[in-house]
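Per-chain residue numbering starts at 1, and chain names A, B, C, D, E, F, G and H are given in the order in which the chains are listed.
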Amino acid sequence: GYAKVDHQRGVRQGVAEVVYGAGKTPAQMAGIVASMRAAGQERVLVTRLAPEAADELRALLQASDPLAAEAFAYHELPRFGLVGGLPEPDGNGPIVIAAAGTSDLPVAEEAALTAEVLGNVVVRLYDVGVAGIHRLLAHADDIASAQVVVAVAGMEGALASVVGGLASCPVIAVPTSVGYGASFGGVAALLAMLNSCASGVSVVNIDNGFGAGYQASSINHLKAK
Amino acid sequence: GYAKVDHQRGVRQGVAEVVYGAGKTPAQMAGIVASMRAAGQERVLVTRLAPEAADELRALLQASDPLAAEAFAYHELPRFGLVGGLPEPDGNGPIVIAAAGTSDLPVAEEAALTAEVLGNVVVRLYDVGVAGIHRLLAHADDIASAQVVVAVAGMEGALASVVGGLASCPVIAVPTSVGYGASFGGVAALLAMLNSCASGVSVVNIDNGFGAGYQASSINHLKAK
Amino acid sequence: GYAKVDHQRGVRQGVAEVVYGAGKTPAQMAGIVASMRAAGQERVLVTRLAPEAADELRALLQASDPLAAEAFAYHELPRFGLVGGLPEPDGNGPIVIAAAGTSDLPVAEEAALTAEVLGNVVVRLYDVGVAGIHRLLAHADDIASAQVVVAVAGMEGALASVVGGLASCPVIAVPTSVGYGASFGGVAALLAMLNSCASGVSVVNIDNGFGAGYQASSINHLKAK
Amino acid sequence: GYAKVDHQRGVRQGVAEVVYGAGKTPAQMAGIVASMRAAGQERVLVTRLAPEAADELRALLQASDPLAAEAFAYHELPRFGLVGGLPEPDGNGPIVIAAAGTSDLPVAEEAALTAEVLGNVVVRLYDVGVAGIHRLLAHADDIASAQVVVAVAGMEGALASVVGGLASCPVIAVPTSVGYGASFGGVAALLAMLNSCASGVSVVNIDNGFGAGYQASSINHLKAK
Amino acid sequence: GYAKVDHQRGVRQGVAEVVYGAGKTPAQMAGIVASMRAAGQERVLVTRLAPEAADELRALLQASDPLAAEAFAYHELPRFGLVGGLPEPDGNGPIVIAAAGTSDLPVAEEAALTAEVLGNVVVRLYDVGVAGIHRLLAHADDIASAQVVVAVAGMEGALASVVGGLASCPVIAVPTSVGYGASFGGVAALLAMLNSCASGVSVVNIDNGFGAGYQASSINHLKAK
Amino acid sequence: GYAKVDHQRGVRQGVAEVVYGAGKTPAQMAGIVASMRAAGQERVLVTRLAPEAADELRALLQASDPLAAEAFAYHELPRFGLVGGLPEPDGNGPIVIAAAGTSDLPVAEEAALTAEVLGNVVVRLYDVGVAGIHRLLAHADDIASAQVVVAVAGMEGALASVVGGLASCPVIAVPTSVGYGASFGGVAALLAMLNSCASGVSVVNIDNGFGAGYQASSINHLKAK
Amino acid sequence: GYAKVDHQRGVRQGVAEVVYGAGKTPAQMAGIVASMRAAGQERVLVTRLAPEAADELRALLQASDPLAAEAFAYHELPRFGLVGGLPEPDGNGPIVIAAAGTSDLPVAEEAALTAEVLGNVVVRLYDVGVAGIHRLLAHADDIASAQVVVAVAGMEGALASVVGGLASCPVIAVPTSVGYGASFGGVAALLAMLNSCASGVSVVNIDNGFGAGYQASSINHLKAK
Amino acid sequence: GYAKVDHQRGVRQGVAEVVYGAGKTPAQMAGIVASMRAAGQERVLVTRLAPEAADELRALLQASDPLAAEAFAYHELPRFGLVGGLPEPDGNGPIVIAAAGTSDLPVAEEAALTAEVLGNVVVRLYDVGVAGIHRLLAHADDIASAQVVVAVAGMEGALASVVGGLASCPVIAVPTSVGYGASFGGVAALLAMLNSCASGVSVVNIDNGFGAGYQASSINHLKAK
């Protein structure tokens, strides 16, 4: 009785259920996965899953639902556990994930894999921080042909504004907690992104790669008239 | 030489240029409007325009470009000056603007009129704060048929989460500075919206109705395959 | 001499003394428990008690006061040590504890068990976060028949406002430190709750399930005319 | 159509409707009052009403609903407009409002008059700040016989803790924005009150005398078994 | 006796004395100017001087030191009063002042005129915000040939990082209080600039154009070996 | 050459040198102690000294200066290392150290032992938090006869205000980091103490028992006329 | 009944009563002054008194207590109203008030005049900010012979640390709200002073010159053995 | 593909590439070092390198590029890995690094070694905190003959202001995270430095010794006319 699994949500929101792994025990997660699969959900994503917890979860699934255990894969960078593999992409176009630095990759991959799990083609532009602007400009074409851009950056978070100026499509900005001192765990980047002077930029929580990937996918699957 | 008007932006981003009126003198604004119209831009939106500044701007246009002055209208609630009237809507579907309370209307109207200027049909759901949840639930159909929802709220900003749970389309949340004491000028609502447990919610700056309307329009005009 | 145990308080305030375990050594706690029992206090609650400290406390009681040791139970989720078992409920009606997510359970249980120790019937509504509002609405009856509701939520803390709108009885809101990034360890939820647009909501400190349970009980034991 | 007046609320929450005056024009307020009275609500309270706005409101009522205008009174200290006079008290016992200093009186009176409008007997203990503790102790009897205490203080907000220790009934603490420098507009008092080491204290927003009076009344009207 | 005028400073720091006008009465400023000129200082700069205070200062000088009054000029944008005109530039090379938006001009001009008063050639690059990156890139040559660049921006403050990446000379970043909502009066830009991922960027206080111009001049006047 | 030991300070400020242990290696501390003793300083206090570092320091002294090692004692609660024992008290009167709760004892003892090392008689009043005000009032005589009072409290820090009202001598308030949630590591108590409505209260840094003891001693050793 | 005048305080704390003028009407102040004088208090100090309020107060006194009106003087810089003139100094020695800049004078004078009203000799060292350290060092003798030093500074608040190093007597630091941008209304100076690496420095609230003068006087009047 | 190594930067900005070690694996760092050396870069600096990561990096280089491994040295205090040794100094003059306390040394050394790696003569003035001002004044000559001064301090950060007043050359201030309580991890020092009343002071991020050393070198290598 610890969780009221929201089976209607898959229907109501048009996507597979996602389990937020942080603060849940492997046993709780296994129970939720079981309940979902029993309700007919083939693909289940567990986010914020530590490597050790992933091992325990796999073992528990092995015991209770061997098919799920077989279909389970762990992705280290984004710390994702995925039951069921990636679907065929069925979005309107490519989603570009642009990330400023090497240390932002876990968050960028959280966004990228989320989008892939939800049926999108993802183009990755990594290490394109604005202190070397030519690296980003070299990919102006990718940005121009994107349906949505996700801009991931820590420290001063300036990437969102520059990308926002180059792109004519919606940009979702993800501040990361990368940095030290006056970055205040991502607050500097968050504020910068909220104050972007480029139009068409909205923002999700610090390190919330999942939220950005989800919103990007949701935009990319809208039906046009 | 006080401003490098970015004529390419209209072309590059597919929308009309917008002038951010705050901190500009009527003379500066008249100059920018003139320059834009000279470059062929028919419709120009001036945001954050105080009523007195609007009067001065109209007078200046009267002198320099009577056609522009005639085409100029001032909208009090969103504090917008608009040269050129509303276009025919050409988006993919309706944009819903939901606002929590009476005091949030200026920001909600900033979003709504921005979206209309950019060619969208707007459905307004006002005074649907979550302390009387039935008021919002009564409009579940509007939310279900929206292409994008813009959720506008001050104080505790809870509207974004409830709307985010009801909607399967993208939700853009706008925190407002409505409130007192520990609302800290909109910070409470901003934080609530960034931490929304509903997927598919992204956030713009406090009171940035323009930004939300712009991004909503941008989403609503994406070409599907 | 490290503590002036306040034996009068039980009398003055009509409830058993509670020991705040955080920052006390097991020896200090055992000494306080002994002093209370010597003063005639049968039931003693130790809050914020780590599992290892609970073991040490039990061992110390075993040596000094075997009856207390026997009567001692440890509750893992709320991290409570309780000497003396639960009393018969004697409050005016049921206290509803509503919690938004699985990760909020330790705080919710801290409130629930506190209320039970102080002589109340507790109705638990768990996993009723507002992003799936139907889960909460399904329990509107429980809320309507409550004497007091305790609303426990982290992240955006929106539960307090929705519950506050549904309930006509007093609501005590408990923000939790559940969340990440811009939740700032519970600050986002705290601010949201303080700014609730629903009347009849008051707030306690972040993660202070005990304080909420205590006040709820105090309300539930008021004598009517 | 600017406000969906929530006529159900009176029924659902058992009290008269209250209009939050801040940010509403006199015309909007007059409209809401009219709608409420048309729906059968005899007594209407308008909070946060500036003196000039009160004059305008009275004039508007004079024109549209002379009976309402006659029944209208303005209370300067709490900045309240009240249509309909005070009801007979029908609560379980007295509500004590304790305030630390002269500057806290407007907030204290906001709480006191709210409670009186909602049918409570109010005992006022003013200028009982803790820097002269004997002033408070001289009223220990009032505190002991209260059903609820509302503790109102700015600056360091210590009153809540001392009252919380003296009272065995619930205490609602109201931080005020009285102070300067590091009081940060009431934040110092708010934090102090949230961290009160006395049990049985909950807190409302800075300067929210209305919220405290409402919650106190709600507690004072609970039906005992 | 209200001010110990620091006549040694001119000598010790190699530049003319500057009077910080904020919070000084015109009489105090006139007294300080008199004392400086008596000590042989020909050129005196008064910063943060409101237009009305400038008029009063001129009148007072007129009475006491007509030569100073004649040599006095008021510069509106940077709010500077200058006795003595601009000197011949004698720095090592040009100082570039880059500003993001129209609203940043007062601060940019405070930096520019400070540098000119201290003997520097200034190149102004205004309205080169990063949301239209081509505007900045069009001036890459100016940046490449600068001895120092001062980057002035409010809102998200991203200009400092992009300029920092383009420039090989030192960059002094000035956050401005331009913006609203989560710009928090310049804090967002300040944090962004402190966290710049480009090397060679240091930062001065919000709106401190004077400090940036002073530091730039100081760098530009260093003697090489 | 890592430290310029300030031998003049003992002379200039009339007290023994104190070594701030945090962030120094045992070897650095041993070197500083040696240098001080070589300069004739008999008594040396090392503050913020972890137990393990104390052991290492003793061992190093054993090797280099056996007399110092013999004269060395470690005090666990305040985490002090003391070479040379306590002096005869020679202050003007007693210093009272009042502490709110058991968890504040380490800081209170830091203040108390500092004062004793500097030649003062200390009266300890512990566990006198204001939620049980009678505990403090029972010691009104001690407070009345003190030369200085040091008030130590975490959480809401209200003790300083109540003590400040009772005492006619100077009160030094020490906020502690005791608490959780919105105590923000001592900030709530710090703000409360800075805003004390009692006159004659000044404040030191969070957990700075040493600073309070030092200033109390300095006050207690002033020569009267 | 708006204020419980604390006549015992004069006796209990050994000093004249002080009225905190902020937030009180002239009528309230006149009433309090009357009540004090009726209770035998000859000298009454009203702090934070605006010039216009002083005029009204004088007029009210003129009507009700002409002797008090005659004995009333208004001091503009510290915004003090004083009934009764300065007493003969009877402290142990001189109190030095050191202030960093011209803009800090109102706060410095609040401290200075408070100390004089309470019977102290005051030595004023003004405009001795640390950016021209020789100005302060030129007064090392005054600092050496002080019984207490009050250090008043805004902006970076560094004066407290330098003075704290030079003085062997207690130093009371007063941060002022002088500054702009990241001075955050005195927070930068407050934090600097709380973190002073000099021993013997304690701090009062931002702009609280009164509190510093009071505490200094209290120290300066202690009886030695 | 994890990093777009910016080989042009060495050319474009005239200095060697620097690898920011924090958040990179030894394998990633070895790859980047290899790529740089392949591109002809002889000297490579790795900052924020933990001792264990340094050992791993050396081992990896040993395997892949024995010459690099031989040329690799690890500097413990600044946590630097350096391939290639120090160059001949070729700056315009000496850079002075002044540090307030022993605990600031790691950051001071980060600045010092960075400057040496970039070809500068460095003069170290350590343990010259302002609480013993004579220690700093004893080195007035060094400061007078510097081309640039880097001022490193935690806690109250006052060193920057005093040094700024003594120096006529540019001063770069580095706040450190040294301190506790209200130092807030370096924020107190950062704010103090940003608010320095001395002209000619600019600031870098908390603990950013590298940034200060880099900019100091950049200033010291400017070509004069």
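Operating definition for what follows: a residue touches a chain if its C-beta (ideal position, glycine included) is under 8 Å from a C-beta of that chain, and two chains touch if they have at least 3 such contacts.
Bear in mind that the values here come from a model prediction, so they are computed numbers and not experimental data.
S.K.: Counting one step for each move to a touching chain, how far apart are chain C and chain E?
M.R.: The least step count works out to 2.
S.K.: If you match contact pairs by residue number, which of A-B, F-H or A-E shares over half of them with A-H?
M.R.: Interface equivalent to A-H: F-H.
S.K.: Could you grab the centroid distance between chain E and chain G? Build each centroid from C-alpha atoms only and quote it in angstrom.
M.R.: Centre-to-centre distance between chain E and chain G: 36 Å.
S.K.: From the mean C-alpha coordinate of chain E to that of chain H, what's the distance rounded to whole Å?
M.R.: The answer is 27 Å.
S.K.: So, what's the distance in Å between the C-alpha centres of chain H and chain D?
M.R.: Roughly 58 Å separates the two chain centres.
S.K.: Hey, how far is the Cα centre of chain G from the one of chain H, in Å?
M.R.: 44
S.K.: Going through chain B residue by residue, note those that touch at least 2 other chains and give them in order.
M.R.: Touching at least two other chains: 132, 181-183, 187, 190, 194-195, 199, 205-206.
S.K.: Chain pairs in touch?
M.R.: Contact pairs between chains: A-B, A-C, A-E, A-H, B-C, B-D, B-E, C-D, C-F, D-F, D-G, E-G, E-H, F-G, F-H, G-H.
S.K.: Please output the residues of chain F touching chain C within their complex, sorted ascending.
M.R.: Residues 102-103, 105, 126-128, 132, 134-135, 178, 180-183.
S.K.: Which residues of chain D touch chain C once you look at their complex with the stated criterion?
M.R.: 12-14, 18, 92-93, 147, 168-170, 172, 190, 194-195, 199-205, 210-212, 214-215, 218-220, 222-225
S.K.: Flag every residue of chain G that touches chain H in the complex, lowest number first.
M.R.: Residues 100-101, 129-133, 137, 155-158, 160-162, 164-166, 179, 181-184, 187-189, 191-199.
S.K.: Chain D touches which residues of chain G in the complex?
M.R.: Residue positions touching the partner: 1-4, 6, 8-9, 22-24, 28, 175, 177, 185-187, 190, 205-208.
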